[in-house]
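As structure tokens, here come the structures.
Across the two complexes that follow, subunit A remains constant while its partner is subunit B and subsequently subunit C.
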Partner chain A sequence: MKLNHQKTSTYIFSVLAALSLAACSGPQVRYGDAKGVETISVDYGSTDLQSIAEAMARSLLQSKVISGSKDAPTVTVADVKNKTSEYIDTRVITDKIRTQLLKSGQVRFAVNINEMQSQVDELKRQNQSGLYKNSTVSKTGNMQGAKYRIEGSISSIIKQNKNIKDVFYIFNLNLINNESGLIEWADEKEIRKTATR
Partner chain B sequence: MKNYLSFLIVLLMVGCSSTPSIKEMTTRMGSTDSIEIIDLRSVMRNGLLTAQATIKNDSSSNLVSYRFKWLGKNGISIFDDEAWKPITITKGQSANIIGIAPSPDAIDFRIELNQYK
Partner chain C sequence: MRISHIHSVYLIGLATLILSGCGTPPLRSGQTLLSNPFAQKPIGETIKEEQKSIAVTNIFYRKEGANLKYVEEISNKYDSSGVPPSTPIDLRESEKQPSEPKTIDNSDVFAESQSSAFPIKFTNPADFKPSDYPGIQKELEARLGKTSPESASNTAVNIASQQTKKSGFETKAEYGQLRTFSAAIRGLLIKAGYKVVQANPAVPTSSQGDDFFHVVERIKAGEFNSADYVMFGVLGEMSFTDNSETIVGTKSTSQQIGLDLIVDFSLIDTKTYQVVASFLAEGSGKEIRIDGRGNAFKPSMAKLMKQASTNLAEDVAKHLADQNFVTSKIAEPEIGRNYKRKPYDDDASTLKIYTK
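Now for the complex of A and B:
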């Protein structure tokens, strides 16, 4: 009887010790697959970003405007408007598209409006500071204007009731000829996500 | 005798240049056995390899994702791995999934299927 009582107290003590240890230890950290499907919530996420960028870059590369031109055409990235009610960093989408296109070697990119200031600053520093050997200075007036610009938008339709939330995203991208104003290529990517209780 | 030899050489050549089967071109992860790849084909379109896989779902579970692996000369991968793309496909439904190579260097492809949670 005494032995049984001793056994029970040892067991309770071990459980308590384990519980207190678990409470003290921090969260378990693991590296995940950056390319894996993310389904934590219906909000815009990494899988959406990756699939949009991939679909758009590949479709643009296959367009006649890009594949049919002799030299790699110069393109610049204009604005991608976020028309959803969520906060979406659209710059990340266009940066990702730009990286994929550049890696293919089929397109060249001119600096966009946001990067213009640092480009001007660098040219000024080289040309106006008087610190550089003349033969190595990047001259002003030689920047290349982009033949095309990329612009687009992302919109969403959200519907929900007590048990279901449905989000529909539509991402639209256009390639516009800067000189003629003609839209030379356009594509869209649709994504539907549903969360049920 | 000469004709017989030529026939043997042709047979050997055909044997060596045979294209891999759908099974050989597919990598499966997780339990994706109920997803059947019915057809796999590719074409060069505007200088880029374009692949199309027709898949069919035989189970009620539809949490399947896929990605293409693009290969260049000597079977070396072109670019990093693609992101896994989820596809919703109900029981009995078949769907075409299309992939476009990221660069003109891609000359061959493989398809990977995975289950997601």
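Now for the complex of A and C:
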């Protein structure tokens, strides 16, 4: 009888120890689907980013300018203006579009204005330091100018009352011929998100 | 019966021969039925086949310079018994006006001319005082036999004086040849398979005029060693530029040093003096230095000249091809292969390691 009581107390003690250890270990971490739909709030989120980039890249690749071009045209990414009241890193959108376009192999991208400093520094290092073999140096003055530039904007309209908050995003993108100034392609992506209490 | 059969065979054979003579020859591959005027054989091909030769001259130039000139003259007339006839006194040889310290050129550009657009005449004798001009004073004393100004003033002499001031630009022309820029053109023609012969250098004379560019006279004088064609180039303009610009999006500046030249080329048939090809070719050499202005960068003129020369030869080749003189093979730069890559058909979101 005494032995049984001792066994029971040992069991209870070990369960308590396990519970206390579990309590000290912190939040649980798990990997989720990066492309899964995120509906935590009506604010701009990863699903919006993905849907905008995918829609724009697909539309651009189907455009006559790109699909009808004999060679892969050279494009650069200009500014995408954030006209919403939220903080949105628009470079992430353009980078994602650029990645998808590059992966298609139908477009070539020239470095954009934000990447110019590193490009200039590299050319200066190779051409002017005197450290490099002449035949292997990437010569100054041979950068390729982009035939087209991509620029656009993202805007939002927000309406809310006690129970409902409605956010409407509109993202538009233009492909402009740098030489002629003609807008060769344009498309837009609209997103509506509504949150109810 | 036997004879008529032989006759008929003979007649059929004869008719076939006549018909074949009247018929058009069969077309070879690549030949079209209609004659295409644009499908003519390039003249260069003909030259190549006939082993004709081309002489490429150095690039002729005429350099003009203008200098501002100012000439001042004064002439006097003396009306007095025993006084010799008036002779003009040139202030250039005497002293300048004390009140006007102007430069007086000693050249004879305007000296021979007696007319002037703005002659200044002393109509009032009171305006002219010989004592203001020591040179004239001395000459007056010598001619009148007087020794002092006082005695000169006591003599009754009528003096008419005329002063002339002239100014303008004097242009000077220098003729010569640029030797650096033709070698690449010769090389290009040799590369294309043509026989290039050396042209004699043209030496300008001391009083050279625009006949320096008279190429037909040079051909007649045999300066091109009996070449069949002469490629004659005259420099239109040559400029050296040095510009600095900020590079947008960076903290750096770009210094661009350039050498540009325009040459007027004519390709002349030495037998008929016909101009076979004529064009304006451009050559430019460029050196770019990032942040060069701040570091007082000095460009290499040799490098710029080589670039300009090569660039000029490429442009010449392009024009010669346009005007059907050479085949376009040497004129066209190498075209890079189509960039189009095979798009990735797998999902890049998962890491893959490829081994050979």
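We take it that the second predicted complex is superposed on the first by the 172 of 197 C-alpha atoms of A that agree within 3 Å, B and C clash if a C-alpha of one lies under 4 Å from a C-alpha of the other, contacts with A are read in each partner's own complex, and residues count from 1 in each chain.
By our rule, a residue touches a chain if its C-beta (ideal position, glycine included) is under 8 Å from a C-beta of that chain, and two chains touch if they have at least 3 such contacts.
Here the structure is a predicted model, which is why all the values come from computation and not from measurement.
J.: Applying the touch criterion given at the start, work out whether A:Lys64 contacts subunit B, subunit C, both or neither, answering first, second, both or neither.
T.: So A:Lys64 only meets subunit B here.
J.: Once the shared chain is lined up, is A:Ala72 touching subunit B (first), subunit C (second), both, or neither of them?
T.: The answer is second: A:Ala72 touches subunit C but not subunit B.
J.: Considering only touches as defined above, state whether A:Gly141 meets subunit B (first), subunit C (second), both or neither.
T.: In the superposition, A:Gly141 contacts subunit C only.
J.: Just subunit B (first), just subunit C (second), both, or neither: which does A:Lys162 touch?
T.: neither
J.: Quick check for you: in the superposed arrangement, does A:Val120 touch first (subunit B), second (subunit C), both or neither?
T.: It touches subunit C, and subunit B stays clear.
J.: Touching A:Arg197, do we find subunit B (first), subunit C (second), both, or neither?
T.: Neither partner.
J.: Contacts for A:Val37 in the overlay, against subunit B (first) and subunit C (second): which applies, first, second, both or neither?
T.: A:Val37: touches subunit B, not subunit C.
J.: Mind working out whether A:Gly105 is in touch with subunit B, subunit C, both or neither, as first, second, both or neither?
T.: both
J.: For subunit A, which residues lie in the overlap of the subunit B contacts and the subunit C contacts?
T.: Residues 103-106, which sit in both footprints.
J.: Given the complex with subunit A, which residues does subunit C contribute to the contact?
T.: Answer in residue numbers: 247-252, 286, 288-291, 338-344, 348-349.
J.: Under the definition above, what is the set of subunit B residues touching subunit A in their complex?
T.: Subunit B reaches subunit A through residues 45-48, 50, 65, 67, 79, 81-86, 88, 99-104, 116-117.
J.: Write out the stretch or stretches of subunit A touching subunit C in their complex.
T.: My answer: residues 34, 70-72, 103-106, 108, 113-114, 116-117, 120, 123-124, 127-128, 140-141.
J.: What part of subunit A is in contact with subunit B in the complex they form?
T.: Touching subunit B: residues 33, 35-37, 39, 47, 50-51, 54, 57-59, 61-64, 67-68, 100, 103-106, 192 of subunit A.
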